[in-house]
Amino acid sequence: MARPVTLFTGQWADLPIAELAAKCGEWGFDGLELASWGDHFDVVRALEEDGYCAERRTLLESHGLGCWAISNHLVGQAVCDPIDVRHQAIVPPEVWGDGDPDGVRARAAERMKDTARAAARFGVEVVTGFTGSPVWHMLYSFPPNDFDEIERGYERFAEAWGPIIDVFDAEGVRFALEVHPTEIAYDFVTTRKALAALDHRPGFGINFDPSHLEPQLLDPVAFVDEFAGRIHHVHVKDSKRRLDGRRSILGSHLNFGDSDRGWDFVSPGHGDVDFESIFRSLNRAGYEGPLSIEWEDSGMDREYGARDALAFVRRTDFAPSGVAFDAAFARGD
Amino acid sequence: MARPVTLFTGQWADLPIAELAAKCGEWGFDGLELASWGDHFDVVRALEEDGYCAERRTLLESHGLGCWAISNHLVGQAVCDPIDVRHQAIVPPEVWGDGDPDGVRARAAERMKDTARAAARFGVEVVTGFTGSPVWHMLYSFPPNDFDEIERGYERFAEAWGPIIDVFDAEGVRFALEVHPTEIAYDFVTTRKALAALDHRPGFGINFDPSHLEPQLLDPVAFVDEFAGRIHHVHVKDSKRRLDGRRSILGSHLNFGDSDRGWDFVSPGHGDVDFESIFRSLNRAGYEGPLSIEWEDSGMDREYGARDALAFVRRTDFAPSGVAFDAAFARGD
Amino acid sequence: MARPVTLFTGQWADLPIAELAAKCGEWGFDGLELASWGDHFDVVRALEEDGYCAERRTLLESHGLGCWAISNHLVGQAVCDPIDVRHQAIVPPEVWGDGDPDGVRARAAERMKDTARAAARFGVEVVTGFTGSPVWHMLYSFPPNDFDEIERGYERFAEAWGPIIDVFDAEGVRFALEVHPTEIAYDFVTTRKALAALDHRPGFGINFDPSHLEPQLLDPVAFVDEFAGRIHHVHVKDSKRRLDGRRSILGSHLNFGDSDRGWDFVSPGHGDVDFESIFRSLNRAGYEGPLSIEWEDSGMDREYGARDALAFVRRTDFAPSGVAFDAAFARGD
Amino acid sequence: MARPVTLFTGQWADLPIAELAAKCGEWGFDGLELASWGDHFDVVRALEEDGYCAERRTLLESHGLGCWAISNHLVGQAVCDPIDVRHQAIVPPEVWGDGDPDGVRARAAERMKDTARAAARFGVEVVTGFTGSPVWHMLYSFPPNDFDEIERGYERFAEAWGPIIDVFDAEGVRFALEVHPTEIAYDFVTTRKALAALDHRPGFGINFDPSHLEPQLLDPVAFVDEFAGRIHHVHVKDSKRRLDGRRSILGSHLNFGDSDRGWDFVSPGHGDVDFESIFRSLNRAGYEGPLSIEWEDSGMDREYGARDALAFVRRTDFAPSGVAFDAAFARGD
Amino acid sequence: MARPVTLFTGQWADLPIAELAAKCGEWGFDGLELASWGDHFDVVRALEEDGYCAERRTLLESHGLGCWAISNHLVGQAVCDPIDVRHQAIVPPEVWGDGDPDGVRARAAERMKDTARAAARFGVEVVTGFTGSPVWHMLYSFPPNDFDEIERGYERFAEAWGPIIDVFDAEGVRFALEVHPTEIAYDFVTTRKALAALDHRPGFGINFDPSHLEPQLLDPVAFVDEFAGRIHHVHVKDSKRRLDGRRSILGSHLNFGDSDRGWDFVSPGHGDVDFESIFRSLNRAGYEGPLSIEWEDSGMDREYGARDALAFVRRTDFAPSGVAFDAAFARGD
Amino acid sequence: MARPVTLFTGQWADLPIAELAAKCGEWGFDGLELASWGDHFDVVRALEEDGYCAERRTLLESHGLGCWAISNHLVGQAVCDPIDVRHQAIVPPEVWGDGDPDGVRARAAERMKDTARAAARFGVEVVTGFTGSPVWHMLYSFPPNDFDEIERGYERFAEAWGPIIDVFDAEGVRFALEVHPTEIAYDFVTTRKALAALDHRPGFGINFDPSHLEPQLLDPVAFVDEFAGRIHHVHVKDSKRRLDGRRSILGSHLNFGDSDRGWDFVSPGHGDVDFESIFRSLNRAGYEGPLSIEWEDSGMDREYGARDALAFVRRTDFAPSGVAFDAAFARGD
């Protein structure tokens, strides 16, 4: 079908974009979802340097690659989170500054506005990313939560992101939150609440990634069906449960890849996600954007995996029916 | 069998102990696991007032009730946790003090030592409770965890609880951690690590409660088999998964009892826990302590439920075989 | 809880109501859902004979029985159905008349209006029953259906039942359709369409019976949750799938009770229906009407079964929590 | 293996046979199962025009295609059915005539005899098709069925089809009923009854199509094992259940392809059918006829799908063992 | 219902029959299935001592107990088995003699004939027991079996048991083989072969015990349906699989009761067996003989268990319907 | 990845090695696991003829094939087994000799020592094979086992194999027992016991073959995880359960390939074994030896199957990650 297949470059930021683009072109990708870190896509330079965006485009095109979305997951995370030392490792030094939480959050919000501006300048209509969450750490209610505080968390999220989305709207760019644990929305209930907190404004939508729903025992197809109109971007990423009565679905505070975890990320097509059913539901939803492979599998060679994943998507995302097909036998006269 | 059935009084702290004891005696319980809050069991008075413990015993005995364990979950939670406003609601004012985290943790640790002393004076050999956790909030590794920090969390736990267990040892009392999300140990992996962090010293063991393992898709019978020697106390509490593809196993930041949650607590025998198999595994483990009903079910009348649960345990915890039974047919001569 | 347990008398119409009422009183039922056939409840006499309703009430009361609903399933079936010889066996001779389909349907509709009037006179607020369906026989689309014809079927249903519900409204009585194969509504989709066809008017609601949903592999709890406000009456009836790869879920044109069927009706508590979860969902829905046992099990003695079913409902429909129960431990001060 | 792979042309009757044959030849099919509608195979012309059959053969052979069976599902349906307006759309005008049911059925029966004669003339030994059913509409017994009437339905089926099969026998052609809802046989029980009604005469057998058994939760492999000797032809068609508690296995009177249905047809290899196990059971049964792909998938491009299905069958219908293989290790001397 | 509930005394042979009968009478059993070992029932004395049978009857009757079957499992085992040292422990010394295998088998066969004679004298029409097997030890074909040798095993079985059944026939007594691993018949296939080997003569039937089928993952209800006419006696015994990926279904050469086994015997109602469905199938089969509890559970007190099992059977073996029940609503006039 | 893929030649002993090697070279195998029967590898000639080993190497190399292990399953079986006529068919005549059991066992043991010597001379470090078992025939404990006798069986195993492993150690070769029913180790429990019986000496390890674990409902991945360090060789063989309630997991004394068996061997990738998860666990275990296809499938052409299996392994045993992959997004600076 016409949906382009891209690679999300976030897990490849150790490679210079020139090298990565060459590889991806050779492997047959249609494009890249550029990460705003490493040397892949620099928001500040995009706004400040005249030729930067054109150069990036030229580089991609020289390898036959397009770009339909850029990502700024890392800075977005800092917009709503309680800030701790882990954020210092993921945001640029100028966003971290002195590390004072309010300041970090404010600078991260400004950088997200700039990301919208840079996307517009670069010519993409979607920015994927995270929002952070004021309440994620209250996930399990002990000591008992004051549930009004949870509600206030959604309000704070709306206060922080509303002005950001104003800039997105002004720039004609949409933000696509990757629904994911640690974010303001990570399942059906919280996605409904997050969309409602922003009054369902169209500039704020979803980067649909089924690998984060499967470990919660959620049905990704039902998710697409429910939020069909709000899916602005799609990640092709897989995860696999390895439950045997001794491994917890919560992950045991173990790093990804540890064999005692109850689930882990795997290369697309090697896990629990039923991508064919998902692609069919995306057809029903009318989604025509890219299928962006976010590749992560601690048990597979990365470059082998990228090619394997691309081949998997190509053979699974087959063309939908162009005509209304009728189960009936046509008499044909 | 000889195992007494008790009621954990923590969820009934709105009732005076005199009233609750009367009810439980009438319902046929063998005893109570007294909570160290409400007016049920006061650690400070037990240590400071000469007749307090005897009075409590007399009250219980007047209703035909024994006591084999006291609980101090709430204060224990504050020993290792990062302290936030929610702790103020669960610890006594003198433990909270000015709310400075280090001070709260230190005072909570002292109160746990006093709890051991009070238990000894009251004549019980087990204190059940929580430990809190320095690392629980890092459950999902994003922003990415420094996993050395997780290891340091177990060290900090050992530094905080080692001196407390010294007092338990001196008093001849054992601490039984309720393995539970938000605690230093909540599954197989973390229980192994917590026990190892304290060098497997016998004074620190487990209050086994299967209702916290089921929602993690863990096998409670395998848990008893693995940690057989370290189970100092048992809670009879049940939980039920209500997964339908739209409800997350993570709970969606919803309060217990909300129908959109992926699981909830229910009265024993009404959920996923296979108590017969658990009681058989406790027989194999040689556990002879109380089966303490921790009753919580947002969809059932509390007093109906307490009686229902007691009847359930009585008919399920049948007498094990007193002799080696042989599958063979005996010839009988 | 306060919900009364009644027996639906439809399957006992071979017994005179005097005899059946005596039995049910002795067995401990709270009341009866009277069928409008046999000598149980006569719509015509109720309207024409002055003392009839009072007599019926006196008879029931003499056995300690109340009545909250009457049933007229058999006549209702003829309102929308294509009429065939099978209808002659289930409607009164004066409704059948000469058997001309249009005439049968018209007379059946008038009789349903009279049923509303009789119910009002008798003092009950609910009539349970069937609607029939103009389109049921087009269930499997071969020869291929004209799906516009299906839509017209819902319109014809609305044209037939709208005037009937007008009378119900005027009499202050509600009609409760038993969602059931062969009716205009038999699952989620068709219930949504049937309610919509009548503009969601409150006089037309549902007699919820999970035994008809289980064989379709539907979730009765989700049904209660979705249609909570429209459930006017509840049947307690069970069914059991006996699928082994050789028995069809469609029933193979075999009579109920045949062991080659893929499913069958069984006494409540002996089948696939999870009544505890259903009763909890009815609590959430605020349903306070009767739980009416519709007893049918080809492998069990009928009178044994009625008592067994009553005991089952009594022990399963426990009292819900009267207060907001908090998972949190209360500090109690 | 030697089994040819054909395409059933029924769903492609909008294309002229010349165009379709060209495509199928190019795609690599071994042959076609020609439908007796569209311009694919004309029973009347085959009998009346001298060169018709030879021309058809020549056309097929020019694309490297054979033909082992022709289909006349549509006319067969009218032989036993209660006739309604839907049949007018599927039978030729001269069979429909004035639409009087008895006349339609009689003319359809004659046309089926002609189909046997045409098949013989064309040189194929199998006609696939439907029978219709006098009792299908009584599937769910409400109003309660007179089950003697069901038995009489099988007798009427035998009366209608016996004379047709006489002609098949005389022509040396066998009829293969596609076991399918709406037909006299749709599952194990009804297939046993239909075969018995015709005294198990060999001229009447089965066109085995697993896609109609899966939605009934039947085991297609067990079906092949039980009816091994009577399988005269095989359709390769797949179906997929999409049950989620809200979608009925009965289909909700929705058209194929609607996402609220509990199941749907899909391209072979994309659904619930375990074709490898089926092909192994066909090996055991000694079936050496064609595997005829009946392609239908409302979510896939038809031409992509035909090629995808062909590749699927080629790689799944591997060669069986030519020798008795022994699990034992051979000593080899 | 009318089916009596008995206790099989084989596992209680350490108790004198007088003591056991007293207990069983008190517990409420209807009778005993007497084992031919311990002092329960002595085949030799029954034949040689005039008053023995009457005395036994009197003893049972004094406790309100009947007897419908006697068991001679242990001697029967020696009729066909390759004899090893284990048999010495289970057969009487005079049957063992010098332990020469042919002699042991011959003497065991004679003793089984005497058992038929003793049963007739005692007034029971069924002897339950084992047959042994010449081929059981060839269960897994390595070194590779000569499968002709398996067939010869069935012939040898028929040669050994044919003459025994001649005596049974002459005495009007039937033998009921407990289908069980280690016997000539242990599943569907081998039961078919064993019955065929004896030409389906009615004197040789089945003692149906579902606990031996469940661990083989067989369906006991299907077994009753298939062998309905040959079920001469029924054991109520339960078993439970405890598979967790590490415990083998084969039992690991561990004794019953070991927690590392993949399955074990448990008290009826505590395992995998669906007794309600079995009792319903026995109703369909017309079985009216005793339900004989064979009690074995290494994790439950034996006397508690016997009473628990009796209560379980009483509440599960409810009365079947005495009349043809019709799903239809009767109009009642 | 670097793991070579070999074919185990045991099931191909009807073909001369020259012919088989030519085929395998052409198909693309990396090497052969040579069976010590047929003319594949002759232990006696390897020790007695100077050029034999070099010739064999030359033959293999001429087809591009290596060899990392030789097999002597058949002779090994006789070392511990009770000897019966079936062994005559699988051991060389000079090992069988006069067939006296003690003599056969002794000569088999000597031949296994020679196999180690021949392996060393041939330049391979692993011999795969069976051990036989003194106790396998006591699998089901009836007549009741003396379980001390089971323990003595492990001692006898150790007495027989200890001296053999002494020679393996001396030669620098390791023995790899194929864990398999009929052997001293066939599951987790018995593998633990067998390893312990030989004091966990490294010369005695495991030839891991998941096809023998699946029918026991064991988890092969857990097996690799538990015995990681002792896996000296791996067989790629698959099996498939075909349970339908009527087919026993025990196999019914039917030959492999019979459709009434509850399970059977199938070509790799066509059964229940999850090879991808196994290969990942072998990566974790650091296993770098060959993946040796043991091909057996009674329903597939052998040569088609060998190629199909090779392709399956090549695409499934993908390269593992060469670097520690981090789930985290790298900031890249």
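We just call them A, B, C, D, E and F in the order they show up, numbering each chain from 1.
Just so we're on the same page, a residue touches a chain if its C-beta (ideal position, glycine included) is under 8 Å from a C-beta of that chain, and two chains touch if they have at least 3 such contacts.
Keep in mind that what you see is a predicted model, and the values were worked out from it rather than measured.
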{"item": "Angle of the C-alpha superposing rotation, subunit A to subunit C, to the nearest 5 degrees", "value": "180"}
{"item": "Pair joined by the larger number of C-beta contacts - B-D, D-F", "value": "D-F"}
{"item": "Over-half contact-pair match to A-D, picked out of the listed pairs A-F, C-F or A-B", "value": "A-F"}
{"item": "Subunit B and subunit E: spacing of chain centres that average the CA atoms, whole Å", "value": "47"}
{"item": "Chain centre separation in whole Å, for subunit D relative to subunit C (CA means)", "value": "40"}
{"item": "Touching two or more other chains - residue numbers and ranges from subunit F", "value": "74, 89-90, 141-144, 219, 222, 244-245, 255-256, 326-329"}
{"item": "Of all residues in subunit A, those that touch subunit D in their complex", "value": "219, 222, 225, 276, 280-281, 283-284, 318-327, 329-333"}
{"item": "Touching residues (chain side subunit F, partner subunit D) in the complex", "value": "10-11, 13-14, 35, 37-40, 73-74, 89-90, 244, 255-257, 259, 265, 270, 296-302, 304-305, 308"}
{"item": "Contact footprint of subunit E on subunit F as seen in their complex", "value": "74, 77, 81, 86-87, 89-90, 135-147, 150, 180-182, 186-190, 216-219, 222, 226, 243, 245-256, 260, 262"}
{"item": "Subunit F residues touching subunit C - in the complex, by the definition given at the top", "value": "244-245"}
